[in-house]
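One chain, chain A, appears in both complexes that follow, with chain B as partner in the first and chain C in the second.
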Partner chain A sequence: MPSPFPFPKEHSFPPFYTPQINLSTRHAQLSKWSSLILSFCRHHRIFRISLSDATASPTATVYPLFNNGAINRRLDLSYIREIVEFMRRDGRAEWCSPTAAGGGESRGGGGGGGGTKGDKEGGDLVWVYWRTPEEWAGLLERWVEETGNKGGVLTVYELTEGEGTRGSEFWGLDQELLIKAIQVLVKKGKAQTMGGEDNLGVKFF
Partner chain B sequence: MFLKHIDLTTALRPSYLPDEDLLFVQDNVGLYEGKFKLPNQQNGQVYLTSHRICYVDKAEPRKYSVALDLKDVERYEFYAGFLKSSPKVTLIPKATKRSSLQQRSPAHVSIPSRSGNSSPAHRQEGALRVSPVEPTPVSTATWVCTICSFSNPVPSNFDPTAANAHTPLPPCLACGIKPTLTHVLKAAISNASTRQPSGPALQTPLPVRPKQISELTSPQSPGLTAPPRSSDPDASFHCPRCTFANHPSLLSCEICGASLISHDIPTNLAQSPRPTTESPGPFLNSIAPAPVGLESPENVKFSFRRGGEKIFYERLKGCMTQRKWLLQNAPPIPKSSRSDGANGVPGAVGSSEPERQRPKIGGIAGLERQTQAMRKNNELVIGNAFEDLEALMASAKEIVALAESFAKQVKGAGGSSASENALLAESASQLGLITTKDIVGSNGGDSLYLSELARTLAEFLTDDRRGVLRKAGGVISLVDLWAMFNRARGGVELVSPADFEKAANLWEKLELPVRLRVFKSGVKVVQGKDRTDESTIGALLAWMKDLHEFPPEREVPWDWHEFGRGVTARDVAERFGWSIGVAEEELEMAEEKGVLCREEGIEGLKFWENFIDTGEGKGYKDEATLKAELTLKMLKESGFI
Partner chain C sequence: MSRKGVGLAAFDRSRLTSASYANHGTALRTTNAQALETQLSVFRSLLQQFAQQHGKEIRSNPSFRAQFARMCTAIGVDFLAASASHEGSGGKGGDSSIWGQLLGRTVNDFYFELAVKVVEVCSDTRGENGGLIEVRKVRELLQLRQEKQMGGGQKEGGGLTEDDVLRAVGTLKPLGSAYSIVKVGSKPYIRSVPKELNTDQSAVLEAVQVLGYVSVSMLMVNLRWARARAKTAVDDLVGEGMLWVDKQAGGEWDYWSPGFMMEGQEGGGLGG
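After this line comes the complex of A and B, so read on.
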């Protein structure tokens, strides 16, 4: 188990859990929460957050992020959604749908606004991009070059769980996120996908 | 120097002497010295008090405000105005250098035969004090006989406050039937109440008719530039009641017996109607009786450019008669004497005589006697007031004052808990200088009343004795102030909320030391001018910093060394002595400025030092504004704007 996450001091500042009225204070509050969420997820290598877990199940890893038992304060779900929306505009989060990755945009708008629409459409899961798919793609590309895998074919399973990638940044990466990264490479013409759903293979150029 | 520089209060009004009474205020007044305008004193307000006439300049009040003591005034004259020349009141100072003979001669000329029976107190003053305008002690009050409807004069020694069933009353002059006491009392009181309310003038004559003046003076001074009267060249005197034209030398109407207009006005005017233009020509035409005024470079004229001169003159006459300044050095006057005066009781001269003798009896006996006299007087006032409903109306003010002082005594006996009420009762009497609508010149309209009210309020607020503002932590809501002010007025001359608000809005314009502030929510508060948002925030922050040092009363889970603690509006209100509404507004103001941040929790809304926005957010503003600013700057540099 990794060492406990060192929370910043704001995390134990009671007003941090109340949506601020003053616009510039609110902006500062949103960006502080945003960077807190990102660094927390980076520390725990969390790629997506379930909002219901984060607010309601005390056993989840992500629970302490929005709940500070020491000062008996917790962040309201609707405000979390607003933070996520703020991060999404920054390119650091995305509402994720279990079916189609492309539909995130539209649902994200609904989820950030009030929460009711997001709930209905399953806006519970959020990608947290402490590295964006583009950044992951860059890492992947560099790894391919360094390890001489250019022209080779690797499966997604190999990339995330395989012995060859152990120790690299993306070992243990969420498969869906990896696929997003690969899509980026495909668009750039640096890779090509092959094979079926279960056994997706990637050929790097 | 006749005109002296004066000190002004914080509200730019003359600061009054201890027992000085404000009688009249009029704006738009200019000053002349001799025949020349004083360049810096051409637009200001004139305050007539029982002791002085103060001029407060509108543009440079601290620099050019002056006053003259009425005790230095030898004579005063009235000029009704002609065409473009405004009505003026001229005050001629006593010239100590002059021999009394010289003084006397004009006085003799101007005083009609009646002046011979002026009050004994007056005679003591000697020649220097001889004033041509001494009203006669003849009472102008009349009572109408119920039997034959003949109008009888109320006897001059009749004192409504002292009269009782045993007071001898003269029978009707026509039918010989004795009137009832209440009848005469009513007549006396109604006569007193029609006069100016504050001036305990002995016998203010019937309404002055300035037009008549010229008609009277014309035969005596043909060279005058007074407006020629087409009618009545024979200077006959219209009775104010039955309009019968009497011979000018008559004192009372031949037909109905009403006393005629006081003769002092015409005689004064005979000397005064200078054209008051700067041209010296007509000046020389002024008749001989005015060498003092003519020679003295120091005679001072008040030019009334927006009316009010008649009331001013009337009241000036009243207080010249009373000569309150004589009492200035005397020990504080017991209350009863004041109520006597305010009643406008005929024969007050007589009653003021024992007043002056009173201090001679010293020690406990004197005090006892004084209290006894006062009690007796109170008894009489109350007795009179309830005898008749009208009488009650007429003496309402005294009764209120009495009731108040009784209440104070009762409270004083009860204990010190009612200190605030005592303070208010106290301040009610201190508010003797209140501005009421009848003090202010009528022609000035509401604006003068409002500006005077604004000044009164500013004084009320900044007065150190009362410390209204200080006790409220420097901020008080307008509604609270309104309530307090009206309570301090003791239930009389109340100010309507509309007038009050209008007056409060004038503070800024009049450059008074208090200002009205409107919070976001629309709440209006009053605070000192020196008190800004920055200073408030500074005070709040300093307090919050203290909270880092001192541990909170109970255990808190967060690091209070780091964050201090949250404060509610109630905490702030307690700490700074503000009302809760004000505290809320101030906190929200500080939040608005980004100094504080909020925390909504089960304990309510709390405010904390802003540890969220620690600088990163400052640059946020918003990009559109920044861009616009940048564009504007560039445009300016390139010379397009």
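After this line comes the complex of A and C, so read on.
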């Protein structure tokens, strides 16, 4: 289903893979990487990336993002972390804290590598917010309104995999991310969660 | 004969003749001026008529616009310089703004609007190129933006030439801006930071143009420079943000011009 992502010119520009010395050049480089990562993930509907996958497992979807075999250049892990930090300050990325959602290992990705430095900045998993939880919450709210689901109860499973949402923007959405979006709505008093972790339900107001 | 005018009356006579000469002179001058004025007004109305009739074409047809600009240059009309100052305090606005008034709304506005877009492109890309960008690149980027705005690949009408971009940059001059055209090698660049390149730096940029990238030892071989000289020139340019470093070339560092990554950016649209 996914058509190949049309990489921009800078992706085959060799110096793009070297952290630039000049500070303003570096800044331009970081924002170029940031928008490249966002549009790449949007294209493939990737919600979080595993840095170890991205750097060390050639079969992963994200691998070509930071590795360009054609020009024999690759992005160093420490620079990727810097880019993620740059995006985080912009509200466009976040380190996944493995314990927060309690969902256990969500992906097979070799978690062992990053686990040593603790949960936050040294982590392996990164949320890439080509839509932030707030933006997802807005979409969800509009959908609830348009489909007359106000006052109804839906499970997270129904929202992301069910027939009712097929074709909508959040069909196939990462469940943890959806829960983040729901929490935004809860805070605004627009929703209430119920049920256990395995089968979380949401009531919309 | 000339002996005759020795008496006192000669003074009177010479006063008279010089007065009549002066009279005649002013008469000539006024008729001359009148003739010029009518010529000018005829020319003015004709040019106005022309600009009105062909205003649309001047805006939309790049080759027609170039012809028109060439014609104006040929008859000594610098419509851009003339019109740029017409917003001034009025004093000598009278004669300096003639062309601006005549051709306003059409040619001037076209170039002023274009100049604004050129400034946008320059400031958008300043971070990655240190404020030095090839005119050709600017034209490409502008064309891309325009096509994106019009939605779809219809290239009709909105063609831009490098000549247009150069003229647009010219309109910025009266504003005392830092924008200027510099030649690197044979190609014109827009420089949007007030910074002079020394000859060594220009030589390096020229080499990059030709070879795609350079390294210190390439400069030493090609330009027969000492290592320190090559290193200084390259480091300076990196310091200005005009070259990007590639440390993964295996061995020596390579230095690239950021211009190489900007050709026709496809699909790199922003997230939001």
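Everything that follows uses one rule, which is that the second predicted complex is superposed on the first by the 183 of 205 C-alpha atoms of A that agree within 3 Å, B and C clash if a C-alpha of one lies under 4 Å from a C-alpha of the other, contacts with A are read in each partner's own complex, and residues count from 1 in each chain.
Please note the rule applied: a contact is a pair of C-beta atoms (placed from the backbone, for glycine too) under 8 Å apart; a residue touches a chain by one contact, two chains touch by 3 or more.
Please read these numbers as outputs of a predicted model, since none were measured by experiment.
After superposition onto chain A, the partners chain B and chain C occupy overlapping space and clash. When the shared chain is aligned, no partner comes close enough to touch A:203: not chain B, not chain C.
In the superposed model, more residues of chain A are touched by C than by the other of chain B and chain C.
When the two complexes are overlaid on their common chain A, residue A:70 makes contact with chain B while staying clear of chain C. Looking at the shared chain after the overlay, A:36 reaches chain C, while chain B stays out of its contact range.
Looking at the shared chain after the overlay, A:92 reaches chain C, while chain B stays out of its contact range. Look at A:130: by the touch rule set out above, it reaches chain C but stays clear of chain B. In the superposed model, A:24 lies in contact with both chain B and chain C. In the superposition on chain A, contact is made by A:16 with both chain B and chain C.
In the superposed model, A:6 lies in contact with chain C only, and not with chain B.
For the superposition on chain A, the stretches of chain B under consideration are 260-268, 602-610 or 620-628; the one running into chain C is 602-610.
Taken together, the two structures place residues 9-10, 13-18, 20-22, 24-25, 27-29, 31-32, 72-73 of chain A in contact with chain B in one case and with chain C in the other.
If you check the complex, the residues on chain C that touch chain A are 126-128, 130, 213, 238-241, 244-249, 254-256, 258, 260-271. In the complex of the two chains, the chain A residues touching chain C come out as 5-10, 13-18, 20-22, 24-25, 27-29, 31-32, 34-36, 38-39, 42, 72-74, 92, 130. Those residues of chain A lying in contact with chain B across their complex are 9-10, 12-18, 20-25, 27-29, 31-32, 70-73.
On chain B, the positions that touch chain A within their shared complex are 557-559, 562-563, 566, 591-592, 594, 597-601, 606, 608, 610-614, 616-618, 620-621.
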